[in-house]
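The structure appears right after this line, and notes come after that.
Chain naming follows the written order as A, B, C and D, and within any one chain the residues start at number 1.
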Amino acid sequence: MLGNTFGRMFRVTTCGESYGRALFTIVDGVPPGLKLTNEMIQEELDKRRPGQSELDSPRKETDQVEIVAGMNQEGYTSGAPVGLLVYNVDTQDIHIQQYRDYKDEIRPGHAEYTFFVKYGGYADWCGAGRASGRETVGRVAGGAVAKQILLQEGIEVIGYVKESYGIRAKEMTFEEIKANYRKNELNCPDLEAAERMIEKILEVKDEGDTCGGIIEVIARGVPPGLGEPVFDKLRATIAHGLMSIGAVTGVEVGAGFEAARMKGSECNDLPYIDDEGRVRFRTNNSGGFSGGISNGEDIVVRIAVKPTPTISLPQKTVDIRKMEETTLAPITRRDATICPRIYPVAEAMVMIAITDALMMARGYEGLTRGDEIWKRLRE
Amino acid sequence: MLGNTFGRMFRVTTCGESYGRALFTIVDGVPPGLKLTNEMIQEELDKRRPGQSELDSPRKETDQVEIVAGMNQEGYTSGAPVGLLVYNVDTQDIHIQQYRDYKDEIRPGHAEYTFFVKYGGYADWCGAGRASGRETVGRVAGGAVAKQILLQEGIEVIGYVKESYGIRAKEMTFEEIKANYRKNELNCPDLEAAERMIEKILEVKDEGDTCGGIIEVIARGVPPGLGEPVFDKLRATIAHGLMSIGAVTGVEVGAGFEAARMKGSECNDLPYIDDEGRVRFRTNNSGGFSGGISNGEDIVVRIAVKPTPTISLPQKTVDIRKMEETTLAPITRRDATICPRIYPVAEAMVMIAITDALMMARGYEGLTRGDEIWKRLRE
Amino acid sequence: MLGNTFGRMFRVTTCGESYGRALFTIVDGVPPGLKLTNEMIQEELDKRRPGQSELDSPRKETDQVEIVAGMNQEGYTSGAPVGLLVYNVDTQDIHIQQYRDYKDEIRPGHAEYTFFVKYGGYADWCGAGRASGRETVGRVAGGAVAKQILLQEGIEVIGYVKESYGIRAKEMTFEEIKANYRKNELNCPDLEAAERMIEKILEVKDEGDTCGGIIEVIARGVPPGLGEPVFDKLRATIAHGLMSIGAVTGVEVGAGFEAARMKGSECNDLPYIDDEGRVRFRTNNSGGFSGGISNGEDIVVRIAVKPTPTISLPQKTVDIRKMEETTLAPITRRDATICPRIYPVAEAMVMIAITDALMMARGYEGLTRGDEIWKRLRE
Amino acid sequence: MLGNTFGRMFRVTTCGESYGRALFTIVDGVPPGLKLTNEMIQEELDKRRPGQSELDSPRKETDQVEIVAGMNQEGYTSGAPVGLLVYNVDTQDIHIQQYRDYKDEIRPGHAEYTFFVKYGGYADWCGAGRASGRETVGRVAGGAVAKQILLQEGIEVIGYVKESYGIRAKEMTFEEIKANYRKNELNCPDLEAAERMIEKILEVKDEGDTCGGIIEVIARGVPPGLGEPVFDKLRATIAHGLMSIGAVTGVEVGAGFEAARMKGSECNDLPYIDDEGRVRFRTNNSGGFSGGISNGEDIVVRIAVKPTPTISLPQKTVDIRKMEETTLAPITRRDATICPRIYPVAEAMVMIAITDALMMARGYEGLTRGDEIWKRLRE
């Protein structure tokens, strides 16, 4: 019932559900003087919008966002919390009726059962309610604000499909990934592998089934020293954010689970001094962390995305009102894989976590691009 | 830049400013199964709406609220965060232009100077921006949700004008106050004193000046044991909430500052056992607290409200851009006293703090009116 | 059960009770490179130590503090949380036995009843347990760390007795107060008034009774712009901290409750430009705040301290186990007034709140006195 | 500098470092009436104590814990925060001198570099300071308190070595694991595999090298419905806790990364009604979660533990003061693998996260075993 806020100093609070009237995001901790337009937010939201390819759900949502609070008359953030409003549009009665028809049946792999336990019959049964992927609109909207702060600090974050149903993309440089990752409907920068991935996904889709994959997120330009020792290491807050995304079943940084099979002498990243006199590391098995704190190398994190639970096959389940076993009918309106739509959500969570850590370190003053008045009053 | 959330388990987060597009409130921690309608929220908002009498600012705002998130299809809360949307309507260019004309001048008694220091020239200069009394729409909207939870628990909270520009209402019982406090435009239950208060306010208004007063809030039916020892005593969180309201310069509970002039033998409230076998206290000098925790007696708290800073008299001030002294012209669109409009805000803060403390004690399960499904799954 | 932490970025967490083994404070958010010694903490603790005059309780506690965590080998803070340990010493069985004798009787004006409601018979009945004034050792220890940070920033905080049992000290300048406030056992800088106050307190003491008073805290040198608009105004977080102290029944800033009896034209503090080209205010009715945010003037806040509830007179009360009315015997080990011992606690809460607000604004980096290595690695 | 608290309603705050005077833990949110002894805490601490086998570091610490706050005179928790004190003993000057000798050299794989960036030369260079594994004493102490609450609720949590340097234990039932996991010095319940694992570890140790592995934690008896939708899913807060442990590079639940290679029809756990009329799931690919909220099945979570970074081989590194490359000498005082000592830390984090979620749901009242007085006062 709680848990709708992420971040401590840069805080994203969201509300809204699948078939509610609107999705809303309040972003607190936005420094003043940031240029912010509806288009900047829209660009990020468009990445996760459904109905963009045959891999996705056919649900039609325009996801038009409007900034309704936090801006001054000149189009800059004023230091007040930014409010972002998106109305739901594809909420016709015909769809609501479909959900009503099997509202007491637990959809396997979904959140229904635990929502019933928490909220009883008051739980929103319509299109998964608050547990729907539609809540990720709020995450991406919040992430879009974080993105503008990070860009100002020279930090770039990209997420992409690293693996789909067992097919893995080749190793590529950051530049190669960045140049290619949005060139296909799967958002996989290895264009050749992507073709094979898509072919395989469509095969699975034709069977009425679904599949998952692995998303990698890379953050470049993160200054060393972000995150707080002990419980709030940046590694931990990023993991928190990513593991809070609906379909995610695992997270790893750098060498990740492979590190468990290495020797210390193989795994340790050795420091050296680069041509500009800065400390760098020769390898990045740690995924950009020393002691869980950012060390200046690329932050590299991967998440396991399970197959979409909604399938076009009959499934045994339980009717929670009658308390009897039953069979859930196949469902056609669904995503064959959620991977191409989940990468912007993963990007958003990483961006929010980094922005929050930056603000812990520097305070909001440290992230404020002060104008003349600001400077004069502080002399 | 932060600080837009109040509460720990029952959390009200707001955004929106004086001349922004909309005011928005997210209420997290709302138990499922609560009947909630736009009308319930509207009723509270209407208490603080401007332009209702000659004591108020003539600003015309309808403050129409819509619940856009957190409800199930049957009109009950679903356990998801509740989203409350109010569009600003009286934001015509003519008013914006007025504010633009003296946007660099510090308005005495207002927040401008400190907003300039924090945000520089990016600060929202229009109608006080986020520091405007309009932000209290979000407080009252959040309080209206708290109110429904409290009513379910048998807790009633009322706020009223106790003193206006030095004229004090007589002592009255809770029932008398409740029966009379909304019978005049000042919201003072001592109807005779209220006439004198209003007469005096209009005199001051005619001089182009303003005045303040004292609001008392009483919470009846609060169970003993709410609030957490040491830093988060209920007395302290209520004080936090009340001292965060724009015009408040003091807060006291029970005998308050008078307690400092009493002897221990006079001030100590003596416990006894009432006819129903419950522990009660013979006096209530503590204002409903023992050790800062609710003790079952009425919670009684008073706030000092300073005179509205906007006056129709010329005032010496500083132009922050030119950095030179100047004279601020008289302003006509203003409240002669803020007291009759601030009482619902004070009520709201007390209601939110109590609901939050209740939820700390009982968890959200303890405040859930479970239906059959809820109970069955928990057996 | 919760509520043992104060602050968001500069966080003081305490544990320990009246007759427990030790009192412990963890201060998180301490910038590295701060010189900190046991003596610095001890000096503050000694201000509130009991048994220093005939006005106080005769309890004998040495309050010897040891810093056991957070320091590097050179005696500077390392950026890790600082741990401060004080063992209780005056916890002999004879005293425990006294408390055991009337452990089921509610002591009027104390926290017992609400502790019984919250914790049942498990509540610590010995010397008020966690509700004892001994928990303030943790507050003062935490405040002593804050003080070192504030001194580094040029901020000075002093608290003193402004009024005792109705006798008020005259108006004095900050310099006069600072020069005189610790010259008598009451810690009242108006030395002449203090004599009358003490005489009166001893009279009341002789009657077996107690009295209270008003403490004023002044913070000089606070930069403008501290505190967060809306719910976390500095005025509100300071009020939270002060109203969490056991005996406090009211708090006011600047003109406080008198502001409710002023006209706007009298109450508004008019800005001007001083000789150094800075914005200042001609009066300080607001107590150092504009919009609840620090405005650069002295922060002036007063608290009402009720008379000590422990008196040497018989009092009617209730035995909570037998659930019957009874009479509590007179108690001799007590403070005639808590005022001379509560001022350092009030100072501490104000210092912690200001330090926390500073850290929200600047981040911990902004409060770090970096050495050469720090600077080199950040270039 | 912050980040030393874990949990929201059940909060563990720690301080203390490798060569500091003491390690201290404050546990806030402990319900009253819990029997708690030094021995109960000691039993858990003994699991992670160093020097217990040839797999561990030879550092000699007794880790004697004393409860110094939060207890009533009868040995039950009183509702006040519990304070747990452990003095460091193996902190002789000879060891400090060793660390001083290479204090400016970055130890590869350790936290030094980022601590230098954050804290400059003030960083505690002695034995890794706050980044040392010694801080986990505080985690385990806090977890030991959580354990008593969970046992009262019928919840059992066990962690064990699932894989070591690539050798994996066979699949076993909860009962088999529980019966065997502490039978060898590695804490691996597959006794046959454990022998091979240990042999391999000693081989690697002889090379002067180190290795890692995978720890699995299982929580049995967790009621369905724990954790909060969206950002604070129990899956996410557990991941946060685990990824905050020093050597952890990945976390997965249930099928984890393998889920990314399954079809929806394979991965979905199908609900059914068991003999007692409860909803259960036929498989547990989700690791005990539906929508990230506990679903009543065993919570199953695995972490990847990297090889201990301290090795007995020379390593190239950087001297941060001289800013030149250098070679770090082999270090002999070290753990060949951290796995057998990290499992109790992982258990602790899972136990704290579950207790915290329980308390969010039920409040502290819901976890209080009230006695007669408690019940009587609440009627």
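What we mean here is this: a contact is a pair of C-beta atoms (placed from the backbone, for glycine too) under 8 Å apart; a residue touches a chain by one contact, two chains touch by 3 or more.
These numbers were taken from a predicted model, which means no experiment stands behind them.
Participant: With contacts defined as at the top, give the pair, B-D or A-B, that has more of them.
Facilitator: A-B is joined by more C-beta pairs in contact.
Participant: Measuring from the mean C-alpha position of chain B to the mean C-alpha position of chain D, what distance in angstrom results?
Facilitator: 44
Participant: Suppose each chain is reduced to the average of its Cα coordinates; what separation in Å results between chain A and chain B?
Facilitator: For chain A versus chain B, the centre distance works out to 37 Å.
Participant: Two or more other chains touching the same residue: where does that happen in chain C?
Facilitator: Within chain C, the residues that touch at least two other chains are 1-5, 9, 14, 79-80, 115, 117-118, 130, 224, 229, 279, 320, 323, 360-361, 364, 377-378.
Participant: Looking only at which chains touch which, which shape fits best: line, ring, star, complete or other?
Facilitator: Drawn as a graph, the chains make a fully connected set, so complete.
Participant: Quick one: which bits of chain C touch chain B in the complex? Just the residue numbers, please.
Facilitator: That would be residues 1-6, 14, 106, 108-115, 117-118, 130-131, 135, 163, 165-166, 204, 207, 209-214, 224-225, 227-233, 235-244, 246, 249-273, 277, 279, 285-287, 289-295, 304-311, 313, 315-318, 320, 323-325, 360-361 of chain C.
Participant: What residues of chain C sit close enough to touch chain D in their complex?
Facilitator: Touching chain D: residues 1-5, 9, 11, 13-17, 19-24, 26, 28-33, 66-74, 76-83, 85, 96, 100, 115-126, 129-130, 320-321, 323, 364, 368, 370-378 of chain C.
Participant: Under the stated contact criterion, what part of chain A meets chain C in this complex?
Facilitator: 8-9, 79-80, 224-225, 229, 279, 359-366, 377
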